[in-house]
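Chain naming follows the written order as A, B, C and D, and within any one chain the residues start at number 1.
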Amino acid sequence: MTDNTHKEAQHLHRLILFSDAVFAIAITLLAIEIHPPEHWRGVADLFGQMQHKLMAYVVSFAVVGIYWVSHRRTYSRLRRADGVLDGLNLVMLGLLALLPLGTELLWENGNAASVFVYVGLVTAIGLAHAAAWGYAAFFGGLSEPMPALEKIYVLLRVALLPGLMCSLTFVSLITHTPWGWLGIALVVGGLSVINRLMARKAAAVQTAEA
Amino acid sequence: MTDNTHKEAQHLHRLILFSDAVFAIAITLLAIEIHPPEHWRGVADLFGQMQHKLMAYVVSFAVVGIYWVSHRRTYSRLRRADGVLDGLNLVMLGLLALLPLGTELLWENGNAASVFVYVGLVTAIGLAHAAAWGYAAFFGGLSEPMPALEKIYVLLRVALLPGLMCSLTFVSLITHTPWGWLGIALVVGGLSVINRLMARKAAAVQTAEA
Amino acid sequence: MTDNTHKEAQHLHRLILFSDAVFAIAITLLAIEIHPPEHWRGVADLFGQMQHKLMAYVVSFAVVGIYWVSHRRTYSRLRRADGVLDGLNLVMLGLLALLPLGTELLWENGNAASVFVYVGLVTAIGLAHAAAWGYAAFFGGLSEPMPALEKIYVLLRVALLPGLMCSLTFVSLITHTPWGWLGIALVVGGLSVINRLMARKAAAVQTAEA
Amino acid sequence: MTDNTHKEAQHLHRLILFSDAVFAIAITLLAIEIHPPEHWRGVADLFGQMQHKLMAYVVSFAVVGIYWVSHRRTYSRLRRADGVLDGLNLVMLGLLALLPLGTELLWENGNAASVFVYVGLVTAIGLAHAAAWGYAAFFGGLSEPMPALEKIYVLLRVALLPGLMCSLTFVSLITHTPWGWLGIALVVGGLSVINRLMARKAAAVQTAEA
């Protein structure tokens, strides 16, 4: 039995290492298709010509970064892994590995349809990640003990946040207004307050139990 | 002696980490040669033009994913590693690293010969993996204690499953009939039943021993 | 509480693994855009034609190597990680992942503006790294116990050293004079002396405490 | 003091992980520049046209694989790491990362000069690896306790073997004679006998000590 528990913890460990490697490669490959322009005069002209590519790079780097942080957070709540989690995590990584392609689409052809496809891809990654968490927490019994309400909160955050933040970013980038940034600030601030309240409550529960 | 055992466990650990990194890179590179078409109108046209590439990507991603799961599973049954396992594992990784090339072949030229080469490559990876397992379990004495019948079962599963599933997938994709998918469902279902029976038997043996 | 400490140590561990993977990919990708010339006669001609590319490769490899060593050193002084460190570390990695692009700029167009952009990028990586260390040591309480003066020394070294050494290298490469190399030798020598003095003092403090 | 020992072991651990990642990326990138020919008829024609590329791939994959095995072996004899080892290991990795470029040279232009450059690169990697081992074993005091003669034997093996085996391979590939393969068989057989004798002697020493 103990041997089995050890193996399942090892399984989770290897799953996380593999995911980390895919994250690291996806984030580093974002820049690989960016090449300097053939002709340019001075630094300002260089940045002017590369503006779209660098902007798309920054957005995609932020997206992969947020997903990595989110992955690290949710998987730190898990105790074990199983074959179904392997599969759902692979679906998420398979979508993530398409982000360099989505980024290329964004800079080559910054029209509405490109943005639509890109936001759709980001949203799909979020949904796949949420499916993995949902399975692990509600069906697979893979998570550490935690209240059902917190599991649902994590599910919603994982499913909706990336698509929402990505959409708000494009709202600001395209309309040249601050409303998108303002929305992001509100979302981040609100979540930070909720996180603090939950941590305080959890600490209170722990104290009461001790 | 204990120092030696520790070293052999370390050896296995490093072998697994190295393999995981190669898996992660191979799976992420599958998408790197996919570029958006130069001209497209609307999302439907974009997906229409990229259909073949995305289909090949999905198939190859599934292949690498299945091999990763299979590698994780078989190597979790090992206790130690040695130089021969290093070599056989490298042969498997060397074939796996050719999958991005095989995928390109598939989408550029989806004729019968391409499919033949692709399925041949997938089968070769499976055979190399099976050779590694067979050596580790039967000759190298590297596996945890397990019944000979189970070792043979794992060997057959590792050797035949990927090529079989890959062939069945192409049967369905090419003939536009559900027979391939049906075959996959039957194989997966049958293996799942066998796995359960073996786990139940192993648990019974453990209980009897205790 | 112990569970929490364990989690924060795990967090740091995963942050370091992820960073290592990005470092490894960035350093290996430096060579990927280098291709042999189409026509060449004999080894001397080959190296003559590839001289600029190989030189840029050596410089960039040294830069990433120095950053890796620096990252390994500073993060070995940390005990825990948190979300802010995740973010600052990601900014650093995001700039680092642009180095293959900067290297291409350098070899394709070795004019003053290219060198300026390249040194600027190297300096920006150093500043982002310094910001991560500064936050961890002074605000986040993430480092092991150490004197404030040492924290500041590490901060300055991390922030200024890479940009300085990179500038000195280009001084020598461009002016074909040894002054840049001499400057590097002086800086490395001076830091080595300071490091030794600090280690001796730390040892004295430890002995006094024991 | 114990804290310091722990840190130095951690240092070695991170050095090995980083090296493994670079090995994994270099070995996987070997295949990335291989693309299927534009026109081909049937499987035999495809393999005929890709013969040179696949041959170069096999040779380079074997080279990186042998270096990985060699790196794993020598570094498993180390107990600690320091800054000098970091530097020497980075030089080795920097040369290794040029192997995809060397491989391209080999298949594009399989003349004597290409082979000369390629074998030179392989030999340089071996020498850099030997320098790292030599420093660690003789000057840095980083290795586990072992007889001086064994240290020298490892040094010679690491320094000379890869270049020798690579040269012998090309002897056979170019002259279409079996002499190169025969030489490799003799070298591998001889080393295997020496390894066995040394292991037996070490076991005898251990028994005598106990």
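Here is the rule we use: a residue touches a chain if its C-beta (ideal position, glycine included) is under 8 Å from a C-beta of that chain, and two chains touch if they have at least 3 such contacts.
What you are looking at is a predicted structure, and each value in this text was computed from that prediction instead of being measured.
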item	value
Interface residue overlap between copies chain A and chain C, same or different (over half shared)	different
Turning angle required so that chain B lies on chain D, C-alpha fit (0 to 180°, nearest 5)	90
Greatest separation from chain A - chain, by CA centre	D
Between chain A and chain C, centroid-to-centroid distance (C-alpha), Å	27
Chain A and chain D: spacing of chain centres that average the CA atoms, whole Å	38
Set of chain D residues in contact with two or more other chains	17, 21, 25, 29, 32
Footprint of chain C on chain A - complex, ascending	16-17, 20-21, 23-25, 27-32, 34-36, 40, 42-43, 46, 57-58, 61, 65, 68-69, 72, 76
Chain D partner contacts - residues on chain B that touch it in the complex	7, 10-11, 14-15, 17-18, 21-22, 25-26, 29, 32, 83, 86-87, 90, 93-94, 97-98, 100-101, 104-105, 108-109, 113, 116-117
